[in-house]
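Letters are used for the chains, namely A, B, C and D, taken in the order the chains are written, and counting of residues starts over at 1 for each.
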Amino acid sequence: MSIRAIFDTHPKPIGGDRDALIRCIDECATCAADCTACADADLAEPDVQEMVRCIRLCVDCADLCVTTGRVAARQTERDDAVLRATVEACRLACRACAEECERHAHHHEHCRICAGTCRSCEQACEALLATLS
Amino acid sequence: MSIRAIFDTHPKPIGGDRDALIRCIDECATCAADCTACADADLAEPDVQEMVRCIRLCVDCADLCVTTGRVAARQTERDDAVLRATVEACRLACRACAEECERHAHHHEHCRICAGTCRSCEQACEALLATLS
Amino acid sequence: MSIRAIFDTHPKPIGGDRDALIRCIDECATCAADCTACADADLAEPDVQEMVRCIRLCVDCADLCVTTGRVAARQTERDDAVLRATVEACRLACRACAEECERHAHHHEHCRICAGTCRSCEQACEALLATLS
Amino acid sequence: MSIRAIFDTHPKPIGGDRDALIRCIDECATCAADCTACADADLAEPDVQEMVRCIRLCVDCADLCVTTGRVAARQTERDDAVLRATVEACRLACRACAEECERHAHHHEHCRICAGTCRSCEQACEALLATLS
């Protein structure tokens, strides 16, 4: 992961728990891509009518993951209140999306995969929040 | 505002306070553009060294405004916990950005304008949060 | 429009045709919101199965409008090759989305409104491209 | 990479060269994160005055990478004209950002790393474009 290498060469010391930050940035990037692809696969399913809630939560989750990954990647003049609230919104979006994808996991393999990615990202958000007191 | 016209023709009833939602979506769009332009103007200032915190908070605010405007514009299968946390993160980003821009308002006119936009968006977020119990 | 006021106070002269730039930034903001709301309304339609292409083109168009509005709002150290290619991609996305929304305009009023917004944004992109030689 | 697993379970056949698509989506995610972190590191440098062009091209590149990764990840009702123009804009943004980061690579290690990521993403865009006739 090159983001770690960039953090290592940042001119100012990175505040807080660097591993938790990097894990969150990394999980957000993966989750944004998987949620975008899962919403797209849902759209192509013959039972798209049943997948509406899944599509909606996947696109919300993708948007929050992109923004959270960006806010977390910025370490200069960091505002911890903004970071915390952003990661918290992302955590909730990942959880909501995981719960819905899990409901479809037995009949749509892409939902099973996406649910796993969302749970990973939810945990990475939780772990980062625990380091931001 | 065509977003109001689209809401008026949405096949499902829009939950909650439609005016508060539309105001928030609209303010987020304006604030995202102003913060992007203000960060860019900061970069071109001879005292860019002094504007680093302003640039950083403007780009965070722009990102949160884009995502919040999108989450708020989606009314199908809305998840109020996700919406609330997203609007709350946006409110904090707008406030932090407004406070920093206000510090530079007397010598950079673009900061004065951007601070006003951020305060408007902060209030629109507050007003929307008050309708989401 | 406060983006015009920010441009007027930018420390460096804004290159090219300021009116074409501002119009494009403004249309992109409106089009991003309308396409997000139209895709969401499509998802709630009883004939969602028939709206899959419309949803897909609306979300592409929303993404391109957000990015194009940002790239166009940045005037410091502008790279015209990047700006031109970005506006061109946005123009094509607006056109594709307008064509599809027009197909549904007679039975879904939100598609009729969204098609109009996409055509406006397509024209604003064309007008900006004509000023970037 | 879970995006490959999701593509493998997509209900409709993925058009074109799947490896080129997945590589582009993956490089875009990495490049978006690295460019965001490099722009942030630039902001914290004592010579930020000299890094203005680098910051600007990094944020443009991050925005185009996010949007391109999303458009490429959507395979349902794909519009190849939109995909091609989007990937082309991303290729140009990666190239411009790489060229500028390379100018600073000898004195800012984060620019050296970011330049490498941008070149990889530029090549992934070129490779994808070669498969879209």
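The definition used in the following text is that a residue touches a chain if its C-beta (ideal position, glycine included) is under 8 Å from a C-beta of that chain, and two chains touch if they have at least 3 such contacts.
What you see is a predicted model, and the numbers here were worked out from it, not measured in a lab.
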item: C-D or A-D, whichever has more C-beta pairs in contact; value: A-D
item: Most distant chain from chain D, judged by the mean position of its C-alpha atoms; value: B
item: Distance from chain D to chain B - Cα centre to Cα centre, in angstrom; value: 27
item: Whole-Å gap between the CA centroids of chain A and chain D; value: 19
item: Per-residue multi-chain contacts in chain A, two or more chains; value: 40, 43-44, 52, 56, 59, 66, 70, 74, 76-77
item: Interfacial residue positions of chain A with respect to chain C in the complex; value: 40, 43-44, 48-49, 52, 55-56, 59
item: Chain A-touching residues of chain D, taken from the complex the two chains share; value: 2-3, 5-7, 9-12, 25-26, 29-30, 32-34, 36-38, 40-41, 43-46, 62, 66, 69-70, 73-77, 108-110, 113-114, 116-117
item: Of chain C, residues touching chain D in the complex; value: 52-53, 56-57, 59-60, 63-64, 66-67, 70-71, 74, 76-79, 81-82, 85-86, 88-89, 92-93, 96
